[in-house]
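The two complexes that follow have chain A in common; it is paired with chain B in the first and with chain C in the second.
So, the complex of A and B:
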């Protein structure tokens, strides 16, 4: 039969149409099944949702969340309306907890390395086998101090278990924080005599003067601050005034009424100058002024606005009027942190800034700085201590000399976040055994010998104290909202609770932790102590009812249990300025900043967070460098130009010593001598969503530390910018849709003079 | 005019007349045939007809006899279909519920052994659906059951038969009513229930 082209086309078309029609007639096969599950709790009604209160552990601020669960699957995260820290609000990071729970690259059982270190070859073993191997290694240590455990600064029962294990074994424990808050915490201790971070009562404040801290976005407890800020600006009260001082255009700066750019590291000098005006003009608390000036022995005249204006980069008149505004609008709060604390004079800056609160009577009063009391549970750690950069350098040296036998890492990624110049990564090759508790691959886990994947926080129990509490006693209860996802793999595979794993290990080693036998008993013991108090948000006659009540509400708190401690007499201000020191050969100050969604890189494995636009640039998925628009024009740099950021530091290996690459984002709000780069990308290891994506700015930081505390001065690096000639379209939301075409002949609004 | 271009031969006048007569005569039975099959097809989708045993209902992975459980043992519908008064779906009971009795009852029966094997494997049972309304229709069991049982002061399990027929008497469960829109609307009208579109299509 002869088939012409026309007939062929007709047959194909007709066949296609028929296929479509007949396909639409049937019912999809999957719809013709009704599943009868094997086991289901008796009270579970399929199709109806349950909401469980628990804690979000995505970022360190410990917010209360409620999770919607249907048929045993977590579906949605919302803020817990009851929980005092966030009062129903939550962040994108909390939402993305679901993706951490159901991540396709989650590690589903203990792994041991088979190939060379970092080669990515693993063999799955059972939990008893993996824990047995670790116990054997620990028994074989000649010096118990050769055990090093690195965790996040945990204020929780898991943290207590880790503490006890390390101290009873005789090892060392370090607490890791990428953009460390050592200087802020030390200043709080020195200026207010407090061990815990205080609460900033933004909600009831009239005036906020913030220095460097991006407190609405990433610093401290951003959800709590942002909630208070909403009341501060638009609540049922007079609108508060906010002035932000920074060396970068941050989201907090963008929200402020006014933003001042100071020369990097001069925030403390500006604060002292403000203090000098307040004292000089007799506007402040006289007792505090007397104490701060050491009875008049410190000559505040040397910080007078006209003498420091040039060094700070703000005009003398404006410093003067700023001091008056701050002193006259009460209650006002001075908040310092972020890059202001990340210079070699970071502690000096923080002491100067936080001392301002004493001058305006803002310490321990509503609308000011409120102290956080200790929780009423024995032994529960509530004070976040953070290991300083000096500690990490010491550890790196120890590792290099073979002084570390077993390195255990939990909820921290030091291989990613420590500056490349410390050589931490290379030194780790001299450590015989590295153990990671992460349930997803990251830079540290990729180099591990044994991986003991822990439960996601949505599958795990804990009791935790929010680091930035609400100003009264608050204890959060974390409960599993679903059965462990890998439970079906049996008792010897799948994930385990970190605390359970450590307690099993301790039992195997014959260590007495001085704690109840199991983690479950430990939690009940903690709850029983709260029950015994007989006050607060949950009270009950019997313990069972108390336990259920506390789990239902997501924790226990007592709004009347405020700190009884009086503020210490303020210590004298520094007698003279400590000038910041910078390192590196370039012309620009490098100010790295925590990404709004990825934070310090911990969110990089979650696509929702990767795709969350940065609040200033609206950029996603990449590493970019914010540079002043005029400077960029002079250097002939356009948006999306691939530029190389070069410092004279980096890893000893050649690739990063040449600097890192980033996409240029010219922005008029960036000061001309500053470039800003977000943290979070540039992972060498990790899951499919983060590996090999973008660049890691921490890798090229100068190994500079605060002169007094040894905290990493992560804003003390100077860099140069070089064009590479490449161009990549910067993935961002802003300006991707062009403006409406305007018809110049037809005005939308016509303004005419009134007198015609 | 290029080679290969399509050019139909022009029919003669006689051919045209012949064609139109045949066409007109053919059109009537064709239309009737199309309508007939459409009707047959849609009716079939609603409820298969009682020819060649097509209305018997599908064969299930386990031949569960409602007759034995309902007629002989007198179990209430809501004993197994527990959520019928609580939610949109009546729900098929989990395997665990069957096993509360069948751990000991029915030992040795082949179908019960099948059930026990499934329970031990931890897997679900994929039953073949008998009653189904399309995706754009929402049917809520709770509302219907409670309406009739409260109005007529009868037990919830006495309401089921209104739509499902005498399931207790069926060896293989089959569809008893058409459950097409007309069926729904008629019943709504008879019982004074709303007949707005959004009652079901939301």
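So, the complex of A and C:
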């Protein structure tokens, strides 16, 4: 039979249709819709996934996470639903831990410097060789105090190993934090008698009065705060009111019902004025009022609203009504931190602010400030200590005089984050041996002589106590979710656990750390103490079951084990105001702030975080300076204009003494006499993603410190702004999406005065 | 039988976004990048207005210092029942599936970009470049999601790969799909620290989204649809921001 092409197609087509109609009798309707025969690609399910619980160590707040692992590769980070701090939620920073794990520029084995210091020439050596060289240097130290170990302030077993090593050796240990929280911690100690940061029970609160702290974004435990904040806004109870007091426009300020701009450094005076009204009008706890005024000996009248209004920059009427609102909406919390704590009178500000909680009975009650009890592990006393700026200046001096023989740095980048005026970086050239444990290049590692790259936290074990706990005993378990990425390079190359490396080193030096022989035994020993408690989230008859249970859940906690400490009798308020002092040549107050995604620069090597828009300016990848829109117009500064920020401080080396450059971002929310610059960029060294990008605002800070605690007053610098004539497009998300629709009647965000 | 009930049950996936809870923290944005293999947005991509963010936070200013407010709104594909993007696709790359999702079939897309032109919400993103990852970063890529090549349109899928997984699992186990199951929720919903985003089945009268819709939209609460006047019939419901001092005038970009 001769078949034409047309006939053939007709037959095939008809047959096909008939087959479909015939089959349709038994086929569910859903499958007859026009969809790809293979279904869409997303319908393909490939392989099984496992989720492992561990801890996120991207930022200091220590959230519990679960990591999705498929075929030995980590794929996704989500919050651990069980973990009390974050209860299933996480931040953009947690997510990016995957990029830290699979970073293309990760250091794949121990390095020793071959060229000049900071020259970037390295030779890869084996772990025994590298540790042997370090041990030899340590043995050669004439004075054991010439060993200095710098770490992050974390409270964990690896921190304990570092601690023991340094104490038994006789060296010094410093705990580094870029925007240091010394003043807040000291105030918490003085006002509440607590060694740990307390928990703010935002969820059950009716009123939040925050001063300077960007607590929803970068300050304290942002995910925990935000978790409570959602409930605070639209939860089971009446919608809470949030008033934010600041000298810059932060993300937290944007979320508040009302934001008050105070003159920089006057937050404490405002708090005292609020206290004076509450006491004067008899709205506060009388016992607390008595204690705070030292039995009436402190004249609160000098802080009356009309006497301080001008200095604070808020009208007397408003201070008065604010005090009434705060006192009448219970439970309420006053939270202070951020730039309010970063003036020369930072401690004064913090004491005044945190004392307010005593007045409104918000200490140790739900909806107020909840104390964090000590965890039931012997070796992990959760005491939050951070080295102050005074300590760093002292260390810089020691380094300059040749008093430091070996500087070991772990999970910190002081060469980047300490103000240029300390001369810390230059002084480091007098240190014979610098050792870095970082697994990516950063400004400190770039100057190292020996690099001992540690595992990523997703490859490593640990037990840690979250600094900002949930108000009850909580211990987090960190376990590797994948085998070490560089494992295939053999036992002598690749990365190692920090604790293992230190313990090997100690054994080599013949130091007895007074700890179990291996880090694994140490962790089991800690877990056994929790097991012995026989209470809390994981209980089991035998230890094996307990260990597995704690790893599965991501830790151990006991919601009933709250702090038994009663609120202490508050100490008297400062009798008079301590005025902030400023330094620098310019007319603008400089308020640096932690970048939402890069934090203090630790996230700068991760492309997801570089590309995450700032919540307010929506800027990415660059350093910008926020300047009041009207002032910018007067100065003829437009967005993207390259401006120079000059403080007259900086490194003696030429570039930073002349200030730093940043792209202008005219901002409707910044006070006219303030400019704000995010931290995070301007690394000298680093990986492909942050090298040579933006400027480092810390480099031009005035070396001013709090008069009482020696904490860095990082908001006490005055700067001037100069146009350079250059212009660079500010890479920002804003305007990627046009503000549709142009129809005036159809607003995008609808607002209602009430929620009923 | 449970299995056939699973197969035939009518579903309508939807989301409720409470603007009163959103703090603008960008956790949803990065969670989405990670889950959906969205290429890294380089500096040049922002400068050319070609950054890809299936969910993004828009920020609107109100007033001037010192009486200034910034308001945030997360915007993602609204999965419109009457989607303007669907009829203009010459190759049926974008269509409506039986569960109310507006779906993009990548291997049909020929890159005309008509759909993006027609979308009033500007939530469709075009791959102007071949996505480039350093080798080691490829280890992170989600195997459940295609990496889109140059010339392909993409947009929010409500993490359809998660829905598929859960549907399959439910079918195998003979159990119903639980409302609020974290395996079902899109990545942004799980990340959101303030619980601004709620996801679920609008056909299921007991789901959280249905209850919120009934309370806030049907019975007249804070609910509204974005650009309601366009008649796109979105499956994303916004709840108005509450502000005691509300200035009753529209926010301007």
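The working rule: the second predicted complex is superposed on the first by the 688 of 756 C-alpha atoms of A that agree within 3 Å, B and C clash if a C-alpha of one lies under 4 Å from a C-alpha of the other, contacts with A are read in each partner's own complex, and residues count from 1 in each chain.
One rule holds in what follows: a contact is a pair of C-beta atoms (placed from the backbone, for glycine too) under 8 Å apart; a residue touches a chain by one contact, two chains touch by 3 or more.
Keep in mind that what you see is a predicted model, and the values were worked out from it rather than measured.
By the touch criterion defined above, A:77 lies against chain C but remains apart from chain B after alignment on the C-alpha atoms of chain A.
Contacts of A:103 after superposition: chain C is touched, whereas chain B is not reached. Once the two complexes are overlaid on the shared chain, A:747 sits against chain C while remaining clear of chain B. Of the two partner chains, neither chain B nor chain C is touched by A:564.
When the two structures are aligned on the shared chain, A:47 is found in touch with chain B and with chain C. When the shared chain is aligned, chain C comes close enough to touch A:616, but chain B does not. After superposition on the shared chain, chain A has more residues touched by C, the comparison being chain B against chain C. Contacts of A:596 after superposition on the shared chain: chain C is touched, whereas chain B is not. With both structures placed on the common chain, the touch criterion links A:731 to chain C but leaves chain B unconnected.
Note: residues 33-36, 40, 45-47 of chain A belong to the chain B contact set and to the chain C contact set alike, using the contact criterion stated above. Within the complex formed with chain A, the chain B residues making contact are 4, 6, 41, 45, 83, 86-89, 91-96, 118-119, 122-129, 132.
Here chain A touches chain B in the complex through residues 4, 6, 25, 27, 31-40, 45-48, 488, going by the rule given at the top. The part of chain A that touches chain C in the complex is made up of residues 28-30, 33-36, 40-47, 70-71, 73-79, 81, 86, 88-92, 95-96, 98-99, 101-104, 106, 216-217, 222-223, 226-227, 229-231, 233-234, 239, 241, 249, 251-252, 254-255, 257-261, 485, 596-597, 607-609, 611-613, 615-616, 618, 620-622, 628-630, 668-672, 729, 731-741, 743-755.
Residue ranges on chain C touching chain A, taken from their complex, read 4, 7-8, 18-21, 23-27, 29-31, 33-35, 40-44, 46-47, 49-51, 53, 56-61, 63-66, 68-73, 75, 92, 95, 97-98, 103, 105-108, 120-123, 134-146, 157, 160-161, 164-165, 168, 182, 187, 190-196, 222, 224, 226-230, 238-248, 250-253.
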